[in-house]
Amino acid sequence: MGVSSRTETAIGMSFATTFVMTLASLLSYLISNYILIPLSLEYLTTMTFILVIAVVVQFTEMVVHKTSANLYRLLGIFLPLITTNCAVLGVALLNIKQQHNFFESIIYGFGAAAGFSLVLIMFSAMREKLANADVPKPFQGPAIAMITAGLMSLAFMGFSGLVKF
Amino acid sequence: MSIIERIKKGHFWKFHGGIHPPEQKFLTNDKPIRTLDLPDELILPLQQHIGQRGELLVKEGDKVLKGQQLTLLSSPMSVPIHAPTSGIIKAIKSSTIAHPSGLSDLCLFITPDNVDKWQERQSCEDFYQKSPQEIINKIANAGIAGMGGAGFPTHIKISSKPSINYLIINAAECEPYITADDLLIREQSTTAIDGIKILDYVLQPEHILIGIEDNKPDAIKALKKATKDIKKITVCVLPTKYPTGGEKQLITALTGLEVPSGQLPINLGIIMQNIATCFAIADAVINDTPLIRRVVTVTGQALAKPQNVWALLGTPVNYLLEQCGYQATKDKNLIMGGPMMGFNLANDQVPIIKTTNCILAPSKQEVSSENNEVDCIRCGQCADVCPSQLLPQELQWSAKAKDHVQLQKLNLFDCIDCGACAYVCPSQIPLVQYYRIAKAEIRQQQMLDVQAEKAKIRFEARKKRLEQEKIAREAKHKKAAEARKASMNKKNEGGSSATSAVAAALARVKAKKASAQAAKNNENSITEQPTQDIDTKSKVAGAISRAKAKKMALNKEAKENNTVVEAKVVNTAKSNKTDKDKDKDNDNDNDKKARIAAAVAKAKQKSAQRASSIEQKPEIQSVVEENTSSRDENKKAKISAAVAKAKEKAKAKKLATAEIKDSQTSADSEINRQEKKKIAIAKAIAKAKAKAKKQQKEETK
Amino acid sequence: MAFWIASSPHNHIQSETSALMRLVIYATLPGIFAQWYFFGWGNIIHIALASCTVLFAEFSVLSLRHKKISSELFDGSAILTAVLLGISIPALAPWWISVFGALFAIVIVKQLYGGLGHNPFNPAMAAYVMLLISFPVQMTLWQPPLNLMSFDLNFQNTLSTIFTGYTIDGFSTEQLRVHVDGFTMATPLDTLKTDLTLGLTTSESFKSPIFGQHFGIGWEWVNIGFLLGGIFLIIKKAIDWVTPVSFLISLFFCSLLAFFISPDSSASTMFHWFSGATMLGAFFILTDPVSGATSTKGRIIFAALAGLLVYLIRKFGGYPDAIAFAVLLCNMSAPLIDQYTRPRAYGHQSEKK
Amino acid sequence: MTTLIAIVVLGIMASLFGALLGFASIKYKVEGDPLAEQIDNLLPQTQCGQCGYPGCKPYANAVANGEAINKCAPGGDDTIKKIADLMGVEVQPLDENHDQDNSPKVAFIIEEDCIGCTKCIQACPVDAILGAAKQMHTIIIDECTGCDLCVAPCPVDCIEMRPIVQTTQNWQWDLNTIPVTQLD
């Protein structure tokens, strides 16, 4: 919602998220396979992953701040909030659950992030268009954006059953 | 060269988009150009073109001859105007001008004496005798500005001179209804071609292309006949499509080149002139006839006799309509220019100006006045017809949302206002209107940004200056305090009285003012730091006079007549000053001060003059005296002299008030130092205040 | 005496949006006729139902929003939505399907976004997708073509079925769908898909009576009807030829490619062209300018993407026909496509060349 | 035992990550705050001081440090909106204390009444008033920002703010004067 009102920020956010997700799935894979499992500390998985994700996000934030102050400002509070994006943790956990190997994990993380990015960017482009639309007063802003998101998910239902395995 | 080969073969390029509105040229293109009788009154707006208006040379009641120059070519971007006939200048006042806004501007009203007496003319049969510069000057003085629509001063266009590849003569006349150029070519092709020859001589282009649409067969024939002996000139017959006559579109159609955004055709080595302008050039150079008349298509189905006419500049539109048999309807719909890009007139007293090529009086059926705008359905037809390949509908969305950043990203400023998009729009959205508003808004925003930037710089310069001043002042204060202490001690011995204290305070104030003035000089030198030569000085002077002029403009409505006289005064004053400029280069500080004094005095004299113009002369003298006397003396002396002089003047009382007030401020700062003085000064202040109040009251009375 | 002041240009081509919309509606007639001929009255009843609903919905919303009711209500766009929806709904679907769909299309997909010109999604297709997902049973109540039916389905029977679920004689919708041979009917695409999952090859599947001599009895004629209407629109310059052509070519290549790779499990290209709602989508839905891409280049990409998606979903997806989904997905990407396909404006050097 | 291992492992990991972040924070340190500069660019630069700060730059600095964004009267709602966009905060209406019309104006000295006190010159933040002591002053219209700071100090009330006159040069196409139905 916050970053998807403009394509520019959405693209920035997408890159940040992709970076975080890929890196997080990589790290979590390593940690889980080389630290937790040997030490039979699987029950700590979720906790460790949260730690990993938080670190990666912080790191990303610093990098973004350094490399593109403008983007940093535009993303604002939403950059650290990637931490709470369930997709990130979900991907990391799913990686473990589905017993992906190292490369599968990375690709899985990257793929999920790419999908997220695509939707985010599309959504932002739509919202830019909507900004000029003559939306009734009570539905302006987030309301119509939510409706749009709903319609988008309708459309994505078309892909159901697409993956056979 | 492939381009020219291609042109010779008659293959041209296509520009994107374009439309084919009903031409309606048959209304007027079968009748010869009619010469009209003199109207009862001619209204000449001082500004008829892009740029600045010239300075007025005549005043009310003057008798002028036909062709007499009325305004001065004062700045490069100005174009003089000339009397279209002999007669008397009845009035100089503001009146509605030919501008889409329907606003008023300063106009000359000439009552013709029906003698139509020419001023002396020197016709020049062989212009090759003259130097190109002479010809350019001639064109400039003949008041020729582009006659196609925009009215860009011609002499500027042709005096920029890198190597010119193409001189393009625009005879496309793509707007519906208009046949003025068509008829002009048919009837005056020789003169028009002479004009092209003159341009050829001045510009030395490699090729000359005449772009004309194929819906004017007679004109094409005439042009071909007239140019068949001239190898350089190619008559290029283009398919009819609106807006072929647009500058950029014609260039693309003829040469395949595109004018880069934000640049002028000259950057591609191309110069374009309208065919009517060529005719005017020839008339000016060969016959010494300034631009005082033009062909105007008076057309539309609300007219009984639509026809092309030779209209003197300044002819009111209603006279033209009358002559062409206008049947007025209840809602008058008059369009100056063509139906695509012309604008509605707010009243029919508007005069014909240099850029007016058509007066359209359509019937209700021809031009629908209804507006059935509905929402855009993004059908994209506008994008298909846009000659600039923009996305009109996206522009429209952004314009409605006032998203200026996005508008600029979508290249709003490459829009040429041609109206093709609005023409085809099935939702009947007045797209051009939205763009115009958006453009104006963006332009204003940019102006404000520039202003803000300027203000910022000035503010920062001032801050810096104030800081420096403060340091200087502190130093001075220290010194003064010490001196005072010494003197105070003496006085204390003798026993102090209130009056002497005030006197001392006054003296101090004077000293302080002197230092302040000195600081002011410094400040001037700070603000205009590096080069303290005449240039900067004259800039200051220029700024003052500019400010004056602006202010006068503010006052204008009320005091139209005064303005002219005042302008003259400014001129004389200015010339005084320039004389002075010559003999003083050395003493910068003094010089500057003298100048400021002069400027201020000038202003004062003006205000005085407004009250009564009798005192004018002695005042000027006094100013001159003041300047000359002050020049050689040192600062302090000068100020005291000035003060003295000021005291002599009628406003002495007022000034005294101010002085006491000043003393009050300065005294304030010293209160805590001298306990004893305090009471006395406070008393003085109270007194002064009371006095000041009283005087103010009197003044307001 | 008043002086009329208006902004230039003062001339106008005098075309109107409503005329354009009317033209499009006329162009659907051949297809509707074919539908009527082969499948009976069902779709026409649905179109009528949907039209009434949209007019009512449009009227309510417009009056709520204090807009110009007369001009916007009859600009034809709402009716067009109703027609498109009515065409796509299975003929024997219950009445509330089309009513509900039409309400959804107008109120949520169109008017909530501000009405004509502002909706990012095609209302008819969004409504269709919504119906398909929410009421999969009712939305797959496809009947066999009339000549394959074991019952005589006249106007009254259809009407009764739509409103009550039973014919006048008391047969249920399920019974109606039963084929002469006793099979339950589905669309050709459905049949093919089911057969393929059952392990049959394409040629084996084509033996099923629904395919008739060519690709499916009735369906090919319906498609041809819409094709004719579409060509009429292109000739009238009401729609841009780029979109349908690009879409059909894209679909053609996708299916051709698949056909070459495995002819056994892929339908022929012509089958894809003339079955389902291909032609309707190509000429009437994708060309909807409001929810489509703007520039020519954008339209090519837009339609080609639609073609690809249609094929993917038809071939691999869980839904037999994919036009609606593909259209929505493309609608979604249209703004993005637009942003990256802006034509080079005059006097701006293209950066890529 | 396992608990101990868990604590140790987590501790090691945490310290490792901590070290990484610390390293990153040094390596990717960002100097300066460009925000104030950007805000300053959005302000109208009238230097009017109506916000309670001596000029636009100080206000920009203050906004960057958390001052309310709705104190710039000359900029009006447009400026507030821009700053809000920049800062990523909600748009607020103009501070009530400053509610006034912000149509463009310039100061104008009524020359008959001017006594040449130079008080306005001292007040002008952009040096747009020209004149010397006991000489009549005048405004350089091009430089005047319309801040009206010179009005108050004038002892004889000879300065007034006048709206900028509309001429063909600064005229804008206006939807209101031309009957164009606007749809929203």
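Chains here go by letter, A, B, C and D, matching the order in which they are written, and residues are numbered from 1 within each.
The criterion applied here is as follows: a residue touches a chain if its C-beta (ideal position, glycine included) is under 8 Å from a C-beta of that chain, and two chains touch if they have at least 3 such contacts.
Since the structure is predicted, the reported quantities are computational estimates derived from the model, not experimental observations.
Undergrad: Is the C-beta contact count larger for A-C or for A-D?
TA: A-C
Undergrad: Give the label of the chain whose average Cα location is farthest from that of subunit D.
TA: The most distant chain relative to subunit D turns out to be C.
Undergrad: Taking each chain's centre as its mean C-alpha position, how far apart are subunit A and subunit D in Å?
TA: Their C-alpha centroids are separated by 37 Å.
Undergrad: What is the distance in Å between the mean C-alpha positions of subunit C and subunit D?
TA: Comparing mean C-alpha positions, subunit D is 54 Å from subunit C.
Undergrad: Report the inter-centroid distance (CA atoms only) between subunit B and subunit D in whole Å.
TA: Subunit B and subunit D have C-alpha centres separated by 31 Å.
Undergrad: For subunit C, give me the residues that contact two or more of the other chains.
TA: As it turns out, subunit C has residues touching two or more other chains at 5-7, 114-115, 118, 338.
Undergrad: Going by the touch rule set out above, which residues of subunit A reach two or more other chains?
TA: 129, 134
Undergrad: Which parts of subunit D, given as residue numbers and ranges, touch two or more other chains?
TA: Within subunit D, residues 173, 177-180, 183-184 contact more than one other chain.
Undergrad: Going by the contact rule set out above, which residues of subunit B touch subunit D in the complex?
TA: Result: residues 47, 97, 99-103, 105, 371, 373-375, 400, 430, 433, 436-437, 440-441, 444, 448, 451-456, 458-463, 513, 516-517, 520, 527, 543-544, 546-548, 550-551, 553-554, 593, 596-597, 599-601, 603-604, 606-607, 610-611, 639, 642-643, 646, 651, 654-655, 657-658, 661-662, 692, 696, 699 of subunit B touch subunit D.
Undergrad: Touching residues of subunit D toward subunit A in the complex: what are they?
TA: Counting only subunit D, the residues touching subunit A are 2, 5-6, 9-10, 13-14, 17, 20-21, 24-25, 28-30, 34-35, 86, 88, 183-184.
Undergrad: Can you list the subunit C residues touching subunit B in their complex?
TA: 1-17, 19-20, 71-72, 75, 77, 114-118, 240, 289-290, 292, 294-295, 338, 342-349
Undergrad: Using the touch definition from the top, list the residues of subunit A that touch subunit C in their complex.
TA: 7, 121-122, 125-126, 128-130, 133-136, 139, 144, 147-148, 151-152, 154-162, 164
Undergrad: Given the complex with subunit A, which residues does subunit B contribute to the contact?
TA: Interface residues on subunit B, with respect to subunit A: 375, 397-398, 400-401, 403.
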